[in-house]
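Two complexes, one shared chain (chain A), two partners (chain B, chain C).
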Partner chain A sequence: MRVILPILAVIITFALTSALVLMVGASPLEAYYHFLVEPLSSRVSAVEVLVKATPLLLTGAAVAVAFSGGFWNIGAEGQFLAGAVAATAIGLNMHSLPPAVAVPLTLIGGVAAGMAWVATPALMKTRLGIDEVVTTLLLNSVALLAVSALLNGPWRDPISQWPQSPDIAAAAILPKLIPRSRLHLGFLLAILVVAALGFVLSRTAFGVRLRAAGMEPDAARFAGIQVGRVMLTTALLSGGIAGLAGAIEVAGIHYHLIEAISGGHGYTGIVIATLSGLNPWAVVPAALFIGLIDTGSQTVSRALGVPVYLGEVIQATLLLVTLAVLLLQHYRIRWERRAA
Partner chain B sequence: MTTDEVPAVRMRGIWKRFGTVVANRGVDFDLRPGEIHALLGENGAGKSTLMRILYGLYRADAGTIAVNGAPATIRSPHDAIAHGIGMVTQHFALVSPMTVTENVILGCDQRIRLDLKAAQQQVSAAADRVGLSIDPRALVKDLSVGQRQRVEILKALYRQARVLILDEPTAVLVPQEVEQLFATLRRLRQEGVSVVFISHKLHEVMQITDRVTVMRAGEVVGAAETSRVTPTDLARMMVGRPTIGVIKPRTISAAQPQAALQLEGVSARNNKGLPALRNLSLEVRAGEILGVAGVAGNGQTELAQVIEGVRPVTSGRLLVCGQDITNAGPRRAMDAGVGRIPEDRHESVVGAMSVAYNMALEHLDEFTRSGLIDRRRLRQHAERLIGQYQIRARPDDPIRTLSGGNMQKVILARVLDRNPRVIVVSQPTRGLDVAATEYVRGKLVEQRQKGAAILLISEDLDEILELSDRIAVIYEGEIRQILDAGEATLEALGLLMAGLRR
Partner chain C sequence: MSEASLLAFLVGLLAATLRVATPLLYATIGEVYSERSGVLNLGIEGVMFLGAFVGFAAAAQAEAAGWGAYLWVGLVAAMISGLLMALLMALLSVTLGLNQHVAGLGITLLCTGLAMFGFRLVFGERPVLPRISPFSQLNPFPGTPILDPLLNQYLLTYLAFLVLVPASVWVLYHSNFGLQLRAVGENPEAADAAGINVFRIRYAALAISGVLMALGGAFLSLAQLGAFSPGIVAGRGWVCIALVIFARWDPLRAMFGALLFGGMFALQLRLQTQGFQLPYEVLLALPYLVTILALAVAGRHAPYPGAYLKPYRRE
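Presenting the complex of A and B:
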C-alpha cells in the first residue's frame, strides 16, 4: 500500500499537468521521463539527487521532531541561516588548524547558532505562552536581513564586490564521499542524525515524553512530565538540527555564504515533515523524493527547452497531490449508489 | 409487538469490525415510535458502536437500517440528521466561546443573514416546550456539564430529531439533574419522539424506560418490555450467567491512628480565578476511606486537583505521611506516594499512545534500562494488568479505541497496582458496568485493608455511603461537617449538601 501511493500521486499529477506540457509544445511522456527517470539513469545525476537531499534530510528531521513535541517551529529557515552564518564566521578563521579540529568546530558552531536562534521564541513560548508560529516565522525574515547586511557590509567579497563572503579555510571544508562529485560527508552525517533521532523518539524515555507532551500536554503534565522543559529541549533540538543543515551547506557545497544559501530549505522541511507523518525514518524517503523532483525539474527544462517554471509547476503539483493522497489513505473510498 | 406497527428505526444484521475486534456481530435492533428504549450491556459490549453506526459516525461492515419503514443509507451525521436522528455523545461537540443559541443553530441555518433575536426566541421556546431550563444567551464555557448536555439535546431537537440517542447521559449528572432529564424525556415521549437510553444503572433503566435491549460481546442477547423484567434478570442477561448476590462484608475498620494525608487551611482558585477552596482542612488516616459528598461544583474538582499536584494552592499546606508537598507538582506528589484517579479520564491518558505506554507513563523511568525503553517489561506489565483487571484490550491498542469502561479500568489498574499510600479518586465507577463497579469498589476496599488512605470523591451518594468510613460534606469550598459512616443517612447528607447546618 505504502509503495503504490507515490506511484498513484505521479499518475494523478501526470493527468493534471499534461495539458500544460502540451501547451508549451512538448510531449508529456517525454517530460515525465526527464522529470522522474532521467535523474536516476546516470551516476552523476543520481549522486546529485543525494546532494540535493542532504539539507532536506536535516530540515525535514528538524521540523518533524519539533512538530512531534508540539512546538510548531516554522523557523527552520531562520535557524538554517543562523547556522550558515556561524559556520562561515568560524570557517573563515580556521586556517591554522587541522581538518580534524576545524570541521567539527565549524559544524558545532552551526548547531549552537541554530539553537540560539530558536531559544528566544522557545522561551517566549514556555515562559510567557506566546505563540511560536508567529515568532519563529518572523525571525526568518530577521535572519535573512542579517545575512544580507553581513554580505553587503563586513563580509562583502573584496575583489568581486559581489554580496558574497570570502571562502572559508580549506581545513573547514567537508571531505568528499565520492571524488569529483559534489557529494560530501554531510550526506552521511544527515543520515546519521535522522537515524539517531528516529531511535531516540521511538526507543527512549525522553522520546516517549516528548511525544506525549506534543500530543496531549495536559495528560502529560498530569503524568508528571515537565511539559515546559520537554518543549524547550524539543525546540533546541530542532533548531540545532536546522542550524547543522546550514553549516553543512556552507562547509560542504558553497564554501562561502551567499544570500540564497538556503533558498527555502527550511520551508521545504515543513513539507517533508508532513509527508513523513512526523516519523523520522520516513523523512529519508521523503527527502530523497523531493531531491529527485528538484533535480528533475532542472533536467526537464534543459532537455526539452521548456521554461524552467514549467518544471516548478509540475513539482508543486506533484507535492500537493502526494500530500492529498497521503491524507486520503486514511479514508476508505467506496463506490455505491444512493438509496432511492 | 403488534406486527403492523412500523418501527421508527430498524437495524438488521449489523456487523462492525475494528481490526481483529468484532464490536457488533449481526445485531438486530428495533426502536418503536414514542418509546424510551434502554440499551444495556457490559463495558465493551458494543453499545456505543451500534449507536455510532446509526448516527453515521461509523460505517457498518454489513447490515441494513430502515427509518420509519424506509431503507436508509446513513453515511455521516449529516445523513442521520436528515433522517431525523440526533445523538448526544459523552464528549460534547460544542463551541465553548459561543452562546447557547449560536451553538444550537450552528450549521443548520442556511440563510446568510442571521436573525439572532428570532433564533433566540425559537431556542428558548423549544427549551420551554420540553422543560429544559437554559438561558439562550449564556456562553457555553460558563455552563456546567449538565447544562451543556441540555444544549446538546436542544441541538438535536432544533434539527427536528424524532429519534434521540443518549450515550450514558446520566454518568455526568448529579441526582437532581437526572430527575430533570427524565422529566424532559417523558415530555419527548408524549410528543412521539423515540429515545435510546444507554446506562449502566439498572434502577434508572427500570424507572424511565419502556423496553430494553441487552447486548453481550457484540450480540443482542435479548429484548423485553421493561415492566416484565427485574434488575436481576437484566444483570443475568448481561453477564450470561446468574450473578452471585454481592454481599459486601462490612469490613472492620482498618484505620490507624496516624494521618497519611493532611490538608491544613488550603485555599485554591478555580479556572476562572475565583476562590474554589476556602481554608479547607482535612485528614485521612491510613486504612480508612474518607468520602467527600457534595453537590457538583462546590470545590470537589479543585480539591482533587490540589492533591494530584496539578492545581496550585494560594495558601495552606498539604502533607503526605508528614512530607510537605504543597505546590510541589505531580511528580513529587506521586513520589510521596499519592495515587491519582482523576474525574475526567481523558485528562490522564494520551489517546494515540498504546495501552502499554499509558500504563507506564507515570513511571517511565522504571521501564527503562540506561535510558532505553525496556519493551519487554512494558509489555509484560501491560499483559499482567490486563489479565488482573479483566480489561478488554491488547497492550498495543491505542488507548482511545477502548470502550469508556475499559479505559477507566486501565487508569485504575496503573494506579492501584502500585499500592499507593494515599489514593485520591474521583468518580471511580463512572461509566462502569455492574460487575466492573463491584470489582473496582472491592479493589478500593482491598487497598484500604492494606493500609492506604483513600479520599473518595463521588457524586453517587450510594457509593459514598457504601464505601466510606467517614463522610465529609463539602459546600462552597469548605468542609461543612464530617460524619461517621454509622450516623450518616441520605437525608442528613442531603441537608448538609444543600448548605444547611444541623
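Presenting the complex of A and C:
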C-alpha cells in the first residue's frame, strides 16, 4: 500500500490535470510524454532533473521530519531564505581562506541561520503552548522582506544596481560533480542528509521518541519522554536542514543572493513530504519526481505551447490528491471468493 | 511643512489608508468566518490571487464584447471562483477531515498555478500588461472642504466599511446562524448534540470566506489597478492571517486592525515617493512581528476558537 497509494495519486492527478492540457488544444498523452520521458532522454536534461531535485530533497526532508515529530513547520520557506542570507554573508567574506574551510563554514552558517529562524516559533510552541502553524507561516513573509531589504540596501549590486548581491568568494563555491553542468556537490550532500535522517528516524532511540511525540504526545509523556525537549530538537533539526538547502542553493547554483532564490522551495517541501508519507527514504523518489515535473514543465511548454505553470498546478493537485488518497491507508483491500 | 500642507498630507494618507485597507478587510472578515467555525483557511492567499485574475479576465472579455457592466461581470465571476475553491477546501477539510493547514496551503498553491496558467492562456506572453478601465471613485458629498479626498472612494470601499463590518457583527453575534457558527467552532460535539449540523455550518462558513477573499483580490485588479500582474496580491493573504489573530477573531476589531496595517502600508508608500531613505521593508514587516509578539504576550490565553484546526468526526 505504501508504494501503491502515491502511484495512484499520481495517476489521478494526471487524469484531473489533463483537462487543462485539452483546453490548450494539446494531447494529454503527448504532454505527459514530454513531462515524464523527454527530460530523461538526454543527458543534459536528466542532469537538470537532479539539479532541480537538490534543494527539494532537503526541504522535503525538513518538512517530513518536522511533521513526523508533530511540529507543523509551515516555515521551511523562511528558514531556506535565512540559510541563503547567512551563506551569502559568510561567502562574501571568504576570499582569503582555502575551499576546505570556506565551504563548510558557509554551509554551517546556513544551518545555523535556519535553526535560528525556527527557534522563536519552536520556543513559543514548547514553552508557551502557542500554535506553530501561523507563527512559522508569518515568519516566511518576514524573511522575504529581510532579503528584499538587504538587496535594496547594503547588498545591492554596486555596478548594475540590480537587487542582487555581489558574488560570493570563489573559495566558498561548491565544486561541480560533472564539469560544465550545473550539478554540484550539494546533490550528494542532500542525499547524505536524507540518508542520515532516515537512519536516525528508523534506527535510533531518538527517532522513536520523535515519532512517539508526534503521534501521541500524551502517551509519549506518560512513557517518560520529555515531549517539549524532543519537539524543540525536531524543530531545530527541520529548520537547520531547510537552512542548509538555502545555503546550498547560493553556494552551488547562483553564487549570489536574489529575491527569487527560493521561489517556493519551502512550500514544495510540503508537497514532497506529503507524497513521501513522511518517510525520509521515500523523500528521495518524491523529490526526484517533482524535479522531473519541474524540468518537464519547461519541455512541454517548448514543445506544445502549454503554459509552463501547468507544472505548478500538477504539484498542487498532487498534494491535495495524495492527502485524500492517504486516507485509504486505513483500509485494506481483501480479495475474497464470493460464496456460490 | 506648513500647517495646511501637513493637513493635506494627513487627509491624503487617511484616504490612501482606506483604499489599502479595503482588500485586507474583505479577506480578513472572510477568514474570521472560517476560523470562527473551527477551520483555518490557508487558501486565503491563493483565493485572493485567483479572484484578482478571474475578475480581471472576465471583465476584460466582457469589456471587449462591449458590455457596459463588464466590471460587475468580473466581480461576480471572481466571487464564483472563490466559492468553488471554498467548496473544495470544505470537501478536503470538513468532509474528509484532512489536515487543515496542509489542505489550505495546497489550495493556495493550486489557485496560484491555475491563475498563472489561465493568465498565459487568455492573454499570452505580452510585453505590456493588458489593462481595463477600472471602477472609478465616487464622492457622495462632493465639495466638502478639506475632507473631499477622503470621501472620494470606491463603492467597494464604502461597502466594506459601512455594510460588511456591521453586517458581520450582526450575523456573528445576533443571528441564529452566527450563534450556530460560533458553537460549531468552540465545541462541535456539543453543537452536534444540540442538533446543529456541524458539517453544513462549516460548509457555509467556508463558502462565505471564499467569496469574501475573492472579492478582496478582485478589488485589487478591478478597482485599484485595472490590471493583473503576478505580484498583485504579494502576501496580503498572509497579512490577513495575522490580522485575524491581531483582531482576536472579531469583525469590528478586524476593521481597526485593517486600518492600522493599511495605514502602515500607505505611510510606507508615501515616504518612499517622498524620497525618505528608510528601508520600507521594516514597516511592511511590522504587522507580522506585532502579531507574533501579541501571540507571545497572550500566550495560552490567546482566544483561539476551541475547535481551531480540529476536524470533526461523528462517532
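Definition applied: the second predicted complex is superposed on the first by the 283 of 340 C-alpha atoms of A that agree within 3 Å, B and C clash if a C-alpha of one lies under 4 Å from a C-alpha of the other, contacts with A are read in each partner's own complex, and residues count from 1 in each chain.
The rule is short, and it goes like this: contacts are C-beta pairs under 8 Å (C-beta built on N, C-alpha and C of every residue); 3 or more make two chains touch, one makes a residue touch a chain.
Keep in mind it's a predicted model, so treat the numbers as computed, not measured.
A count of residues in chain A touched by chain B and by chain C gives the higher number to C. Shared-chain residue A:R203: touches chain B; no touch with chain C. Look at A:R211: by the touch rule set out above, it reaches chain B but stays clear of chain C. In the superposed model, A:D131 lies in contact with chain C only, and not with chain B.
In the superposition on chain A, A:L327 contacts chain C only, with no contact to chain B. Of the two partner chains placed around the shared chain by superposition, chain B is the only one that A:R221 touches, whereas chain C remains out of contact. Touch criterion not met for A:L8: it reaches neither chain B nor chain C. Across the superposed pair, chain B and chain C touch chain A at no common residue. On chain A, the positions that touch chain C within their shared complex are 20, 23-24, 72, 74, 120, 124, 128-131, 133-135, 137-142, 144-146, 148-149, 152-153, 264, 267, 270-271, 274, 307-317, 319-320, 323-324, 327. The touching residues of chain C, when paired with chain A in their complex, are 40, 42, 88, 92, 96, 98-99, 101-103, 105-107, 109-110, 112-114, 116-117, 120-121, 235, 238-239, 241-242, 245, 279, 281-282, 284-285, 288-289, 291-292, 295-296, 299-300, 302, 304, 308-309. By the touch criterion given at the top, residues 71-73, 308-310, 329-331, 334, 340, 342, 346-353, 357, 361-362, 364-365, 367-368, 371-373 of chain B touch chain A in their complex.
Per the touch definition, chain A reaches chain B in the complex via residues 203-206, 208-209, 211-212, 215-216, 218-226, 336, 338-339.
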